[in-house]
Amino acid sequence: MSDYTSKIKEISERLLKEEKVEIIIGFRKGTVPMMNEPCFVKTPEDVKELVWDSNCGINLANYLTGRKEKIAIIAKGCDSRNIVTHIIENKIKREQLLIIGVPCKGMIDKNKITSMFENEIMEVSEDKENITVKGEGFEKTLNKNDVLQENCKICVHRNPVIYDELAADLIDEQKVDRYEDVRKIEAMSPEEKWSYFDDLLSPCIRCYACRNACPLCYCPTCFVDESMPQWVGKSIDPVDTRTFHLLRAYHCAGRCTDCGACERACPMGIKVRLFTKKLEKDCLELYGWQAGLSLNERPPLDTYRPDDPEDFIK
Amino acid sequence: MRFITIDKNSWANGLENLYGNYRLFGPVKNNNQHFFKELAKGELPDFNYLNTRLSPKSLVFPQTEIMFEFSLDENDEQHHILKEINKDYSPRALIGIRPCDAASFMLVKRNFDTPEYKDNYWLHAYESTIFAGLACDNPCNTCFCTSAGCGPFHEDGLDLLLVDEGDKFIVKILTPKGDNFINSAGWETEADPTASEKIIAEMQIKAEEKIASSVSTDKLKNKSTIKLYDGTFWDDIAFACINCGTCTYVCPTCWCFDIQDEVTRNSGIRIRNWDSCMYPLFTLHGTGYNPRNTKMQRVRQRFMHKLKYYVDKYGDGIQCVGCGRCIRLCPVNIDIRKVCDIMNNYEG
Amino acid sequence: MQNPYLPYPVRIDEIITETEDKNLKTFKLVFINPEDEKKFSYMPGQFAELSVAGKGEIPIGIASSPTEKGFIKFTVNKVGLVTTCLHSMKPGDIIGVRGPLGCHPWDTLKGKSVVIIGGGFAFTTLRSSIVYMLDPLNRKNFKDIHVIYGARSPGMLLYRNELAAWETRDDIKMHITVDGTDDPEWKYNVGFVPTITEQKAPSGDSDTFALICGPPIMIKFTQPVLDKLGHAHDHIIMSLEMRMKCGIGICGRCNIGKEYVCKDGPLFTLAELNNMPKEY
């Protein structure tokens, strides 16, 4: 990964020196294992802060919303798809952006790795294929592919779909079955589904980390915050919690890139992607749509086509 | 000071004896995470944990709490008049609370128990609770309690301290409430105070040595509030923040709440819910004006409150016990240790 | 232990529409339990939480004066959920009142001259202050009283009958103004509050306090005028507004620095504000 980092630094330094951009949005090294912090860099001297490794799971497109200056942003496959979505939805202009694309080999799943060890993890390092985890009285090397975030394991757009510079050579895309987990839930009876989702959401503390980590959630006032009318209660009543998660997922239908930022952000380890993923699957099956692949096509839920499978509109 | 020892073989028995007299709460593992929850009869707290995912503050200050109820049915004589409701303030015990979390209740008490106003919900719940602490001999790498006015064997806010010594617990009984609790359990193996004190002191030193991280807070008190507020470092600190409520909700010393009415048909309740200074709605005026309209302002408020305003208001230390939860759970790795050091050393 | 969150039940006795835009109504409230009126012992400048069961609470300055017995009054601007509901209520309806809340300036103001400067619908607690000072038992406790009060237009002035009555008295100097009007009957000032303040307000001295309540823009432009007139910053008292919930300094949202506007305020001297973060 160090070659990625040095290439990113090299590009960033050049862009700042040549005054092509005013700001670089990227990651700096985190203060705890398996975490990096989104950051900005404005001078060539500060470029040394930037890093790239398997802990850059936060979707940086989230940091573009409404910015006015000329920006270089580091974008893995999913970030780039959300940048496309942002451009389509007028949250940022293409001309403002210099996209430093990163062909992505996947981000590691912090929760998963943590749960594999009794003792606390003190240090995590990585090379091309392996992750080495150290803690008090143990050291273990794991195959990176075994501990990737769920969404990265099944990612079919690891290369950026839009970029101006590249931090590494493009890589082969994976051929995977993306929807095994969704089909399992689809096969459940309504009662089973109900209790499955109830269990899934029972730890939720309504902190809104899932919503706020999501580049799609930029509404000036989220429906949960409206008071006139108040659509949803603000307590941790399971009905209100469920309403929040279901409506949020629907709001992302046809826009979600399955970047996994929501699930990664959840402090309670809730697999919130299971909501958005079903809708993502439906969009693919009903409309042949994958979000954020092209600047020239509107998302299916804000367009009409004569061959729409629903007949209510005809 | 009274010390006893509890043979681990008689641990379950003692809890059994306590069961009728106290509601017992302890750490229980669920989905790879520990949480404080009410123990069923015969259920034992799981002490094999670093710290619980969420702080136990919710046992005294629930995330959602009913304050009043009312009827909107005009045929009711007392319609539209708010009524107090009966609550269960029977004795309860928090078994295995870490010293940092126990100390947090002391910091928070200053907010809920003021000379002018007493928050009766918080105080009743607090006063009905026994804090049976579990000394921390295996701190996390994000723990910085020893530099936050606290420590792994800290006693403030505890009624008794359990120290795990292999096949037994040494118990330091700190208050009459703690004494009653121990008696009610029927644990009565007296321990020699001097010897016990010595063992505990040695274990304490070992535990404190394991705490690898720290914050510097010595200069905060004398810093100018305005200069820190106008500090040039806030944009950099706040950039990554996504303004979720995680840090505030997992924090044992965050106490902010919102008050809401909820109505079902002809009756309703007034409730309070945890709130967060990270949310724009927290300070939004009815007119649409918001004095903390930007992310940076909200992030600044959180850290200024914990590390400066609280210090200014009460004069002795930060509003933080160093439990490290906000560091471990922040989705974007904003680290209060880093911010605290920046503030403490800022010469602007 | 008394529950500080429990409102006193009150009955709406009368509702007066104050302004031509009908967005400001005064609610005259009567305590259902007479003993609650004694417990609700307030001073001008304080506020209360009005509680509408099923909607919530809203902090509103008390518009009546403690010298007026048997009722309390609040003038409410229609903005959000609770105030909109209040505006749709009728006499006889039951609401709640929690308070009195916040500080008041009367220990400081006793024996002094007072310059009251108000704009828009923030005049409510200033009305309370004026009624209080003009009470025959209290008037001797104050030297000169000046009032500068402005609204957008004559129809937007609050308490018009009382204003007219005060105009005719010689123990209070009224300077009523409107931003503009085409009403030929208008016989008072025309101009913004800062301008009228500059023309009419007395200059500052150690025995004079200015009490300011109004929209931020008015405060912003009045402050330099008071500087020019020689009012010391510790003799200028301003009333601040913040989103509030508990009203008793506990719920945590209305702080400016270490001060809670609900409990430590809402009145602060300009000297105090100069040492606080500019976050209001």
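First chain written, first letter: the chains are A, B and C, and each begins at residue 1.
Going forward, a contact is a pair of C-beta atoms (placed from the backbone, for glycine too) under 8 Å apart; a residue touches a chain by one contact, two chains touch by 3 or more.
The structure presented is a predicted model; accordingly, all values stated were derived computationally and were not measured.
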item: Per-chain Cα centre nearest the global Cα centre, belonging to chain; value: B
item: Chain whose mean Cα position lies farthest from subunit A; value: C
item: Contact-richer chain pair (by C-beta pairs counted) among B-C and A-C; value: B-C
item: Geometric centre distance via CA averages, subunit B-subunit A, whole Å; value: 32
item: Distance between the centres, which are taken as Cα means, of subunit C and subunit B, whole angstrom; value: 39
item: CA centroid of subunit A to CA centroid of subunit C, Å; value: 50
item: Touching two or more other chains - residue numbers and ranges from subunit B; value: 258, 260
item: Residues of subunit C touching at least two other chains; value: 80
item: Subunit A - residues contacting subunit C, complex; value: 227-228, 230
item: For the subunit B and subunit C complex, residues of the former touching the latter; value: 67-68, 70, 72, 79-82, 84, 111-112, 114, 116-120, 123-124, 225-226, 229, 255-261, 263, 268, 270, 272, 275, 277, 282-287, 289, 291-292, 297, 301, 304-305, 309-310, 312-313
item: List of subunit C residues in touch with subunit A within their complex; value: 80-81, 84
item: Complex contacts: residues of subunit C adjacent to subunit B; value: 1-7, 9, 32, 51, 53-58, 79-80, 83, 93-96, 216, 241-243, 245-246, 248-255, 257-258, 263, 275-277, 279-280
item: Of subunit A, residues touching subunit B in the complex; value: 30-32, 35-40, 58, 62-63, 111, 114-115, 120, 122, 203, 205-209, 211-213, 225, 233-237, 264-269
